[in-house]
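Encoded as structure tokens, the structure appears first; notes follow it.
Chain nomenclature is as follows: A, B and C, assigned in order of appearance, with residue numbering initiated at 1 for each chain independently.
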């Protein structure tokens, strides 16, 4: 075979003195980098993706993965990746795929926002010993409620509230389907969601029967492929989500390669083993906003009015679109910023379409308020929420809750190598190869994810405490407690945030 | 929806009283009570609100208007004459006080919206609110202190005793009084910025800084309120107007929205009540006043005192016969009511509601 | 004996008079007509007894080291802040944040107390601050408690009534709280253990109750008839696992 003119990205090396020939690296690598040469381990370094599974499992610290120091001549315009991608395309004629969110150095506005704290004129609150409430309800709220006083002087509700999803804190797991991730990875999410009092989302891959016990903590998704959608499925969770788009690939459908469709996945999706599962770019029953309304109400009817969420990618006109979605009857608008992750997306799409989540939250929250309909739907923000600080900032900008996916996968071992689309994930996450998925013990890894969620919970409470507020609703949309650093006037204007010092 | 505003921050002391049988008492009482708490203010703002002071004009909205710019007077009066029946126009009587060198022009008008202005189905209260919002947010140079019936606020830059003397507070008799001494931490010096803050029959005095101000403001803006003073007091007043007058929620329930019980408490309530309060919090999350506050608010039918959900600011209440007293400190009550029947510190978020009979 | 009339005096003038009397070696001082004056007895040393008639203002007996202050009626907020030794006796009720960071001495309140009473109290073997409350207490009673003794008697309460508010002893990591009546675990901070008092505890209670009864002319035997519950810190580092290093 013609040797690729795209040089390997990484150099996997083994210190042969340290190596005890235990062959664990051979076993662990999902990409087949290592093989046995009779007396030593052989290395096919061009296959290496730097997921570091081998490094962690080598008992002797014999493995080192280096970024290949051999680069094309430095050029401020023709960067390494530009040249390399052209060579790859020249060799394959294909669209380079990628996984996870964009790694290009676009500005991350979360890093230009700082949170306020109390000094003297209002007190901060000790979050460990005094009550600190993060409980969040997602769903449509009336603009006002009516009560009647019953005989004993207690208030009663006159009209029932619309259905709500109760979260113990304003964080949830983003949709990831069985197929794009392993069943064990989904189980990790389900166990953790239940334990933490939050929700996971099936993504568009049906609901495996192993997840039935976690129904109270599951949102089921309906997307353009309609995989696994039936009345039981629609009624299985606490809410139904209609997926219109995804931040990493707005306007693009899903493509789950046949290699990732073994029997189990096929059963859940109700498709044959080994076919490519295609989700079309649009939902073919939604070509317009009124069609969306129909689908929303069809689902509500079918589920005796469970909350319906509509997930869209953050695109240029996101405010107007979101307003239409709310008017179409959605209880929740899920905004996915362009830095959001993916199991597989064309690199060119991922890196160049959409807008960041920060702008989207601000624009949508503003628009819904201007139109007096902010109470009609909750806003979920996703797409690059890396820490509880990002979450707090997103909420202060106007989101009701944030959704995390990459963060959750990192707790399962993921190193954001970005090769999820290959189906070879050595950590057993984005793969269906049984020998790889078996590595991901749901109980063990759920523990780690639970730890993360609890740590964020503590951090959010610390942030609220410093802000001198003891309920998350007092942070929501409270942009007065954010300041921008290094942002231009127009950006500050869009975010509705003052510059630091003002 | 401009975000480029500077919030007003101040500490303070407050006091209030009500006679449930509508027996009117002289303003000198409340002045005495307020002056005891001089240490809670710094002489940069004080004010009084009184109900029952205009019995002969009880059918008219009493507009107390302040003019920084006397030139604005004609514009405002033209507007009033064009849209209201103006029963009476007069200067608010004042007395010379040494410490108060300059004061704005202070006028009061007793008015009623013209019938034809209410033709579109808008209620006269809403009409008055619109007028007040317009004068306060657009005119610059004119500011409506209060706009309720048979009530009024008197306030300005100065210490409690000077402001009382200036407005001749002792000459008014009312059955509800509230008063406020102020400790601003930033730009002092504007009479409109003193408290009580009033709109229609609402008058509010408030102590503490609400940490949730940003979202409270944006929430109110969604319902057409224009926050021009950028004080917590203003936000609290509009919040009460929205919940009680416009949404028809009772005073007690509205207090539970402003100082919401903790989820832990709500979860432990009997089913029907739990459902009601859960709905209240879900719906009015953005109305929650979070952070330290104690508030006294007077309205046409009574006086209410409430403090925040974890009691970060003080509030003491007492009763004596038909009187109910509320203040930042017990001594402020004792000063005018040495032997109350009952004295207590209300629990966090638990309103003290005293209503006229 | 010296009598001071506080009527119309600002706190500064009043405190100056009290201080002058103490400096003169006066052992019995009566102050009439007190109403709202802050900071009475702050940082005061010696062994004088000061009887106050009226409602004194906030921050009474802060940093006080020795004297006894007896209040005929109610007391306001922040009494006995970081008090080092001495005694404060309140014949009515007292407000919020009583005995904050108290390091020694006794505070006896016959009636109820407000929120955040006895928080962050300290204590060594020899120097152990004690607060005894005859009535009930608001939320966050004994919050962050690091030492000393808090006793809640609920003298006029029915059997089974809850005497303390929510978040009882939250963050507690030292000292002991004794409650004469029911304790709802759901109202306690997670760091708090509940148990029956042992012989040593009972001796502590008895001694404190004896002192308390002396101030109000009550019979200790009567008070001791009802059983107590003891609240203690379940761990010395309640948040040791919270942070990752």
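In this section, contacts are C-beta pairs under 8 Å (C-beta built on N, C-alpha and C of every residue); 3 or more make two chains touch, one makes a residue touch a chain.
Owing to the predicted nature of the structure, the values given are computational and were not obtained by experimental measurement.
Taken pairwise by the contact criterion, the protein chains are fully connected, each one touching every other.
The chain pair B-C and the chain pair A-B differ in C-beta contact count, and the higher one is A-B.
Once the centre of each chain is set as its mean CA position, subunit A and subunit C turn out to be 53 Å apart.
Remark: subunit B and subunit C have CA centroids separated by 37 Å (rounded to whole angstrom).
Note: centroid distance subunit A to subunit B, computed from Cα atoms, is 47 Å. Within subunit B, contacts with two or more other chains are made by residues 264, 310. In subunit A, the positions touching at least two other chains are 130-131.
Multi-chain contact residues of subunit C (touching two or more other chains): none found.
Contact residues on subunit B toward subunit A in their complex (touch as defined above): 1, 3-4, 6-7, 9, 11, 185, 208-215, 217-219, 221-223, 243, 246-250, 253, 260, 262-264, 270, 272-273, 275-286, 288, 290-292, 309-310, 312.
On the side of subunit C, the complex with subunit A involves touching residues 140, 143-144, 167, 170-171, 189, 239, 242, 244.
If you check the complex, the residues on subunit A that touch subunit B are 118, 121-123, 125, 130-131, 133, 135, 137, 141-147, 149-150, 154-157, 161, 164, 366, 369-370, 372, 374-375, 467-471, 473-481, 493, 496-498, 502.
Partner subunit B is touched in their complex by these residues of subunit C: 35-38, 54-58, 74, 76-77, 95-96, 114-115, 138-139, 165-166.
Residues 36-37, 39, 264-265, 310-311, 314, 316, 329-332, 334-335, 343, 345, 347-348 of subunit B touch subunit C in their complex.
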